[in-house]
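Shared between the two complexes below is chain A, which pairs with chain B and chain C, respectively.
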Partner chain A sequence: MRSGGAHWWFVGPALFLMVVILLMPILMAGALSFTSYSLGNPGAAFVGFDNYEKIFTRSTYAKMFGATFRYVFVVVPLSVGLGLGAALLINSTKRFGDLYKTIYFLPVMAALIAMAIVWEFALHPTVGIVNSTLERGCGTFLEGWSWFARGCERGFPLWLTDRDYAIWTVAFIGVWQGFGFNMVLYLAGLTSVPRELYHAAEMDGAKSAWDRFRLVTWPMLGPTTVFVVTISFIRSFQVFDTVEAFYPQGGGPSKSVYVMMFAIYEKAIQQNLMGIGAAITVVFLAFVMFLTLVQRWLVEKRVHYS
Partner chain B sequence: MTAIALKAIEKSFGSTRVLDGIDLSIADGEFLTLVGPSGCGKSTLLRILAGLEAPTSGIVEIDGRIVNDIRPASRNLAMVFQSYALYPHLSVAQNMMTPLKLRDLSFAGRLPLVGPLLAREAYRSILARVEDTAQILKIDHLLDRKPGQLSGGQRQRAALGRAMVREPIAFLMDEPLSNLDAALRIHMRAELAELHRSLKSTFVYVTHDQAEALTMSDRMAVMMDGQILQLGAPEEIYNNPVDIRVAEFVGAPKINLLPGTLDSAGHARFGDMVLTRVTDGGDAGPVTSGPVTIGLRPEHLALCDSGAPQSLSGRVVHKENLGADVYLHLAVQDGAHRIVVRTTPREGRTASLGRTLHVRRLEDQAMVFGPNGNRLGLSGVAGRTVAEVA
Partner chain C sequence: MSDTALPASAPVSASRAGPAFRFSVAETAKHLILVLGSLVVLLPFYVMVSYSFKSPAEIMQNMGGFFGAQELFRDDYCVKLGRDLADCMVTPVIYNYTTAFQKAPLLRYLFNGLVVTISIFVIQVLVALPCAYALAKLRFWGREAVFGLVLFCLLIPVHAIALPLYIMLAKLGLTNSYAALVIPWTISVFGIFLMRQFFMTVPDNLIDAARMDGMREFSIIWNVMLPTAIPALLAFAIFSVVAHWNDYFWPRIVITGDRSLFTPPLGLREFKGDADGDNFGPMMATATIIVTPLIVAFLIAQRRFIEGITLSGMK
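Here is the complex of A and B:
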């Protein structure tokens, strides 16, 4: 075959854009992570693996991983489970389905930074609706619960500023915000389940809703579930706006809400330590890459039917 | 013995009436086919019988028990779906085990992983039954495959296997062969009929293909517009249709329908062709005068020499060679009507397109339908005597 240069003109533009827009920034972050570069400095010193050593040895970063993983492992199962539950319920109702869909999807559409104000107000220690509602329960049977009794005695928790509660509260808001999105994905998945399979299951003797779920719904939602779980993982790793809105300074009480995205922002942007910021970015990308590979493997191995 | 009885079944979807007073009783061990064009309500009737759809009114009886309020899972019927509806994530063996598992195992026995340990005996017997059934259907080498790895015919067998592992009161089949290629469909017709003979259980089979109905069933019900037009053995339906719609639907190529008139003696005539038998209105004597439709199947016509009495002549406009038979399409009466004639390959070879040929009808075969499509009886004896006069 005659070797002309034409093929470069076909693939060239796409290749160029891919390298410049997608690959270069990642490679630059990788390169920066081995230096002590600060924005504005004329040069930077090569520091080898110093930045990575810091990430895996210093207690601040131990807290960062702790907060991130707590958040991720609360938000992912709950938002996936609630999303599936809501989708199944909405799918089974004949009326008001669209209304419920809209309501559950509202938190996804609303900007979290704006909703954070509402939550901050609701969770306010004294005037917030959460604690004032809880206080009304004092003196009732609820005091039989020791946690509740303690709350009545010494005041209910400072949800956002107590280091024992802060990360869980933020995770709760993450679930509240995220499950509507998963619900929509599951609803789309449910529409593609063939009706005849339910009829076949019924003829085969599947009498309970659980039997039908086990035999048809859950397996047929397999591909959707892999996608929903992966997306939820990546979205939870990326949580930033809630933390920034509630704790603009320093990642919550005793850095208990110091999630990765916030750490990158704080180090690289606020403190102008580009090197360490880039190193955290690389670690973050490694997590996401790992999850994506797991997803690919699952899709190919387990849930590929046709 | 009656296995299944449907009494005055009606079904409407909104204002559309799909089934209009269906009465049907199906004998134990019978192969009954519901046949009709798309949208005639045959699938709906089957789904009402299965319980997947509720009738607007009417009674469904299975084994002498009214089952209107009994859910499909408890009716002990097995169904083969047009799309096969195999569980795509389960292997063929697991697909076939499903109905047995759901019926014979307790909740604990159905748990994944621990289930087979808890109910080892039950599992062994289920597996044995699945293997037996697979052997009958010759799919025992496919048991470990997923449905996605099977061909259409193999999937069809797997779906059949899933229905067969249990011993249901009846097998319901909703166009199970329509997704197969032509050769396999013809092969499976014979195989299904054989299977029915060996299982000796009741089959209710829905199809839009009259050939399947004719070849497989003990009795067939021809349905149209939500009603059963005729119910009977395939020969009866083919040779003796009571309605012009039945005559038209059953038989391929279609029956030739020619517009005719009745003369005063009750002879139906089309052009030069006059039927010898007269229409028989029972005790009232011959029905006379008025327009009628004369039905002649392609095999009831034969080529003849020109000038033969009562022959029709027409130009060959199309020739269908099926190997054993050649069907000639003739335009008769200057192209006003078309008739199809069955000929032998030897006769067919000489009939080139554009040639004018002559056909005569075979005696005592024509059917006459009244203006509203109902069949008019013909009395042979009276006709022959009058024929001399005419």
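Here is the complex of A and C:
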């Protein structure tokens, strides 16, 4: 196949933009993370590893990692598990499967910032629909549950402003928003499991549904799971919209929801501390790239590109 | 939908009984769980649409069911302007939706959202398609290196490098402009990768035939390759438009203060910032208006949307 130099016209623009928009910023973040740069200052002082030292020693950043990892390690397993569960259930029912699929996928389509504002409303301690619904359960058998009885007595939690609940509530919204996406990927994965395998497994004595799942479905869904888990990690690491909507200042009660993307935004954009913001960026990129590389390694053990 | 041999499925005998309805405990339990899940998923949508219909009093006291009573109520702001009391009685649903458009330039926001998402998509295609074609069908020195770079860049989430991008744009004096909203997204390595994989499957003799006819490489891309790539391109369009219509993080960073450049998510956020008791209805109306276009499009073309959004699931 010939190409009389035309190729550089085709590849050139993309190459240029990749270098300027994707590669240069990484180098810039790396360089800035060793300085105390602020926008508007003529120069920047070299501060060595100071910024990194702060990140790994100060309590604010300990809280940042705490919040980020708590969020990620709640959202990833739950949204993957619920995604898989929903896909299996939908795949096995005879009716209304498409309807459920549509409903569960709605949150993926809706602007998260809009839904965050609505959730804040729904979770409002006095006028919110969640707590007023819970209050209706008072005086019924639900009071047998000690948590519920306490709620009836002293009022149900301030979901978003109580520091014992805030991060879990935000994580719940993350799960609510993301599991439909995983469900759809799993449904696609399920259609590619060959029927014969189930018959073969049955011949070999896999009688119960659990056996069939364990021996056929789960192994066959391996590649899907690798992908779903990675993308869930990357998406949940990047959580920002809900946190900013609920806690525009400071990252929630006692900084318990101070996730990394919000920290970058607060330090760099709001406070113009570019050095520390860049250092958080570098740490963040390291996490995300590491995860993606692990995924690629797992995938490439089976299939190859091109 | 399959009904046999899958985990937790109903007994095989039940499905062989034919289309007639048979009660089955397993099947009922499944629907119970799925319906409960649906209720939780739909809850905020219900709240959003319902509140966009109701009067402030109904919202505060949690009354009026889904649609609210739609009784006239007094618009205090209108009274403050010194108008006649009788003219200031309004129907909640009309009040909420008209206020949404009057209180903030919502139409402007929607227009901005449209301009930004469309510009991003068009530029992404203009950049990615030729590159993908060259990577898939032309042989040249450095091709493997370029493709390696594409694979590496797939690792980088653009949101994560927002800070250096912001500094670059600020240095160029481009913050608070359409350019700032569009530039970081002009390169979609994912688009290049996707289209390249697709072009690999296009037979070479199609291209050779076009060359025999005297077509230049450039017109081969737009007249031969592009038409074959329509399905993939459509999926990519949905992927891109959904991501950028809903994006909040990036606009939040580069647009500061200048309302005429706000995208819909920013406009809604601003609304929330200065909402008081009377404005919850209009705010929910705004949220509904912003969310509706994509939801409606999704309901109309579900299959395509799911394909598009899950595109990133392709190897």
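Throughout what follows, the second predicted complex is superposed on the first by the 279 of 306 C-alpha atoms of A that agree within 3 Å, B and C clash if a C-alpha of one lies under 4 Å from a C-alpha of the other, contacts with A are read in each partner's own complex, and residues count from 1 in each chain.
Assume a contact is a pair of C-beta atoms (placed from the backbone, for glycine too) under 8 Å apart; a residue touches a chain by one contact, two chains touch by 3 or more.
Treat the numbers as computed from the prediction; the structure is a model and nothing was measured.
Peer 1: Given the alignment on chain A, is it a clash or a fit between chain B and chain C?
Peer 2: fit
Peer 1: By the touch definition at the top of the document, which applies to A:200: first (chain B), second (chain C), both, or neither?
Peer 2: A:200 contacts chain B only, not chain C.
Peer 1: If you stack the two complexes on chain A, which partner ends up touching A:222: first (chain B), second (chain C), both, or neither?
Peer 2: After superposing on A, A:222 lies in contact with chain B but is clear of chain C.
Peer 1: Centred on chain A, what angle do chain B and chain C make, from Cα centres, as a multiple of 10°?
Peer 2: That angle rounds to 80 degrees.
Peer 1: Which of the two, chain B or chain C, is in touch with more residues of chain A?
Peer 2: Residues of chain A touched, chain B against chain C: more for C.
Peer 1: Considering only the touch criterion stated at the top, classify A:266 as touching first (chain B), second (chain C), both, or neither.
Peer 2: Touch status of A:266: no partner.
Peer 1: Pick one for A:104: touches chain B only (first), chain C only (second), both, or neither.
Peer 2: In the superposition, A:104 contacts chain C only.
Peer 1: Which value, in Å, gives the least CA distance between chain B and chain C in the superposed three-chain arrangement?
Peer 2: Taking the overlay as described at the top, chain B lies 7 Å from chain C at its nearest C-alpha.
Peer 1: After overlaying the two complexes on chain A, where does the chain B footprint on chain A coincide with the chain C footprint?
Peer 2: Shared contact residues on chain A: 199, 202, 303, 305-306.
Peer 1: Under the definition above, what is the set of chain A residues touching chain B in their complex?
Peer 2: Against chain B, chain A makes touches at 194, 196-197, 199-207, 211, 215-216, 219-220, 222, 303, 305-306.
Peer 1: So in the complex, the part of chain A that touches chain C is made up of which residues?
Peer 2: 1, 3-4, 6-11, 13-15, 17-18, 21-26, 28-29, 32, 39, 82, 86, 88-98, 100, 102-115, 117-119, 121-122, 127, 129, 132, 176, 180-181, 184-185, 188, 190, 195, 198-199, 202, 209-210, 212-213, 217, 223-224, 227, 231, 234, 238, 240-241, 244-245, 248, 261, 264-265, 268-269, 274, 277-278, 281, 284-285, 288-289, 292-293, 299, 303, 305-306
Peer 1: What residues of chain B sit close enough to touch chain A in their complex?
Peer 2: 50-52, 71-74, 77-79, 81, 83, 85-90, 98-99, 102-103, 146-148, 162
Peer 1: Residue numbers of chain C touching chain A in their complex, please.
Peer 2: 1-10, 15, 27, 30-31, 33-34, 37-38, 40-45, 47-48, 51, 59-62, 127-128, 130-131, 133-135, 137-140, 143, 146, 149-151, 153-168, 170, 183-184, 186-187, 189, 192, 200, 204, 216-218, 221, 242, 245-246, 248-249, 252-253, 264-265, 268-269, 272-273, 280, 283-284, 287, 290-291, 294-295, 298-299, 302, 305-306, 309-310, 312-313, 315
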